[in-house]
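These are the structures in question, set out in turn.
Next come two complexes built around subunit A: one with subunit B, the other with subunit C.
Moving on to the complex of A and B:
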């Protein structure tokens, strides 16, 4: 299909305007973070900082609990990723290679984890974790998150495993490789892109968690995650918007980077069908 | 030791691989759901799994009589309607736009759905700053346009707070629609468009008779998913307004949490949550068939 120059110009113009409006909040977060606080208390607001304050990040990281919150968020996201991925790899392999009747309930589990009101789930979980002594421990968030992520991660991974020919594994089994060894040495290396996409998905979800952390970790500041910290900063220092936005920026950067990587996996799959 | 590679034990190995996931689901999802029904039938402030109170309908009687519950039902309904319809409109227009052929569309697709990658809490604080009543940029913008005479405290007035929360949710929710609808658009075979063109169909006619029917199933699924998301969302509303002012943004999800962890009336909270779950279950029935199809 050939396009006129005018039509092409129209597309770029529309795109610029739409992206400009839709992405303005992200831009505004970055700009606000770099402003000295007195410039935030004036009209008209500066749409571009004349005097960017890069020191705000150093200040923020030096502020005691903040570094710790960032560390906690990282720990939680990594642990959730590893836990959910380990159980999902095994489950997905089982569903892909064995004709199990349990496979039929898979859809139900995915649906449950997508549909269940999490604010209901945290009530009994709070009771269970209290009993187990896990309230106030990062593990409470990790276990809860990993479980809710697992069904969808299993489904994603099963899709990748289904595309791998079982002949490779049969050859390995004949050569005396154990069934676990086959998964470890044959399946996982071959499905690396699928594993990466699933792992990133798990990372994004758990890094973004607020409800579980807010409910299970509320008692002690030292166990807070970044999101709980930011939400509290907003309440406490209502006027220090540059600090809050700097913290928000640091909280978004890992996810935005992950998104830029994950999107490639998504797009390559979609694009292969469309670009002839 | 069992030889798992022998045909007799193959299925056993399969179930062994499934066990960790199944145990986690049972302990962290299935058991707690049953437990929450149990808690909703007890007159408790803080639930304790060690001792169970006798069952009573007290919490549900409170729920039916309380204005807060009916208010939450109505807030949830209007918020779903507002957020789902506007994000569908934005999602569909952006998907149509980046589905065009032009140089740099990969980048455009990336940017158009970027808010998807912003954590909900961060999205909420960004919008809180945009809506700020003293120096927020939205107020400045409206002052310039002479829409308002003096800065407005958007989050302090019930009506404006509702739309402010809805606006933030739309911003966070439309990228998912956009991504899904783009996938839907790309699954429509090019031949259908060519056939329509040969038959002399205009651009508009091709949109109505080829594009819309082609993406209708995806639209259905994404609208249901977005509806469920509005039902379940906690972060955005809690960070922006905590459900206030005067309950104008208090959805069922917020009411559940507030009763349980702000007022420590877990019996009430669980009752609200169980009703929410049943509503979500009814809504997602539309999805069950499709998921079962996709998984197999």
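Moving on to the complex of A and C:
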């Protein structure tokens, strides 16, 4: 059925408004970063800086250990992504393929753990990490993040594995593949879109963590992640909002890179052609 | 190439559902054996047990004289073609065909040579570097076959490999599979619910129902000498007509009485164990119709014309109707409730609904069944 011009206009108009709402904070972050300090509070504000202050980035990198924070955040996000994916791939495969005695309730129990707010877990985790001597180490944030991400990642991947025909694995088994080899050689490559989506979810969630990093890494400046570092840029009496916004802009670049790298895997339909 | 033996194999799933019970069968080296039966009869389960994809609950499976009951699928030296082909979507046709060889540690150069040979045999050479998604249904089916033949296994197992092809391609491919199997001389077990496939492809057919073997035999044996009503109804298209009728005895001679007419039964058959009534079966193509038949007249309800072939639906008087509902006999759903008498005619005569046609059942074509056990009598 052909869509009416009015209907199509309505859809585009709605999408434009939604995109505008979503992108406005990014735009505001960019112009705030590039405005001279004295124009930050002027009214009406300048919608496009007439004299962009590119030097703010140089100033940020010179004054703060921004590279170290970025490195720490990258390590945490990558390690969280790898750890939570390693756990959830195996858990999701088991939930999807094996008839476990308490499979359904176990699946729900795993999901329930995702419902717990992070704030509820901070204190017990802090106590555990203190005993383990992990407070101040990036591992504390990695483990804490992975415990939150793995349950949901398991569900995401289980849903994806459910869509893959078991006959694909049976064919591999008949061809002489071991059960683990079947996961490695067949299931994981076929699940690339699902894995990419889950990896992106894990990376973004870990990258944007503030609560765990602020709690577990507060005493150890050398292990601060970006979000903890940026938070310290806010002074008690004076705050350089343009510097904070410049740091925030730089902090969002890795997310965009990860998305661009994973984007080609995110397109669905890789499995098409395996069957009839 | 190898013999295959099922020795009292059974399979019971959790919850007590019996999929296969006391299944014993011996398949000769190089034989093309077809397992046929309606959904849920256990034919695919038998194949999966043979492949090692499921564990048996009892009994033994031997391939080439070796007890493989506890071997994993990769250790049984068999190849399997799946209903949905199960091609690896992320691999090229070349990698798909060569995957099994690679897993068995065959040197790369030999893998390449064997893949090329299999591709040439199946006319896939031009598609070796394509992904499965870039192939048509028929080509994917050939890739699945290539994956099976390239390993030169002891046996081919095929689980309804033609069911996803259109009717024309299915007819074409089934003859290709038979020719390929004969050429390679590999023992093949083929599972289907389509009795036409079974009749046209098999050296031997195993008819199954509710996890039990109903009859094992050549296509001709099953067609002409079915062991019971289930096999009689399942094999043949349209399936056999069944009706109840009283039996009359005149000395040694036994007759069936149909619409007031006496029709003699095969004198060679031993019908001494029957009571006063029996279930009779006659294939649609064996019913003789027209004035020359000289039997009782039945009214034509419907004429289905398939060109030179016609299927006539004749009204069967209530007293003779045999409702198969509830008995779980017959083949697919449509056959089970059939209550008229079907006649298959291959000539140029024209028929119309409402006309009366005299019918006769040749004595040597009538099948007699016990009304309680549904087994063939005589």
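Basically, the second predicted complex is superposed on the first by the 204 of 276 C-alpha atoms of A that agree within 3 Å, B and C clash if a C-alpha of one lies under 4 Å from a C-alpha of the other, contacts with A are read in each partner's own complex, and residues count from 1 in each chain.
Here is the rule we go by: a residue touches a chain if its C-beta (ideal position, glycine included) is under 8 Å from a C-beta of that chain, and two chains touch if they have at least 3 such contacts.
Because the structure is a prediction, the values reported are computed rather than measured.
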First, second, both or neither for A:186, with subunit B first and subunit C second: second
Comparing the two partners subunit B and subunit C, which touches a greater set of residues in subunit A: B
Which of subunit B and subunit C A:127 touches, first, second, both or neither: first
Which of subunit B and subunit C A:196 touches, first, second, both or neither: neither
Which of subunit B and subunit C A:17 touches, first, second, both or neither: neither
Which superposed partner A:173 touches (first subunit B, second subunit C, both, neither): both
Contact residues common to both interfaces of subunit A (with subunit B and with subunit C): 173, 178, 270-271, 273-274, 276
Subunit A residues within the subunit C interface of the complex: 99, 165, 167-168, 170-178, 181, 186, 189-190, 192, 270-276
List of subunit A residues in touch with subunit B within their complex: 1, 3, 8, 11-12, 14-15, 18-19, 22-23, 25-26, 28-29, 32, 40-45, 86-88, 90-91, 93-95, 97-98, 100, 102-104, 106-128, 130-131, 143-144, 146-148, 150-151, 154-155, 173, 178-179, 204, 207-208, 210-211, 214-215, 218, 227, 230-231, 234, 241, 244-245, 248, 251-252, 255-256, 258-260, 263, 266-267, 270-271, 273-274, 276
Parts of subunit C lying in touch with subunit A, wherever the complex brings them together: 14, 48, 51-53, 72-74, 78-80, 82-90, 99-100, 103-104, 131-135, 137, 140, 147, 151, 164
Subunit B residues within the subunit A interface of the complex: 4-5, 10-11, 13-15, 17-18, 20-22, 24-25, 27-29, 31-33, 35-36, 39, 47-50, 90, 93-94, 97-98, 100-102, 106, 108-130, 132, 134-135, 137, 140, 143, 171, 174, 179, 182-183, 186-187, 190, 225, 228, 231-232, 234-235, 238-239, 252-254, 256-257, 260-261, 266, 269-270, 273-274, 276-277, 280-281, 283-284, 287-288, 291-292, 294-296
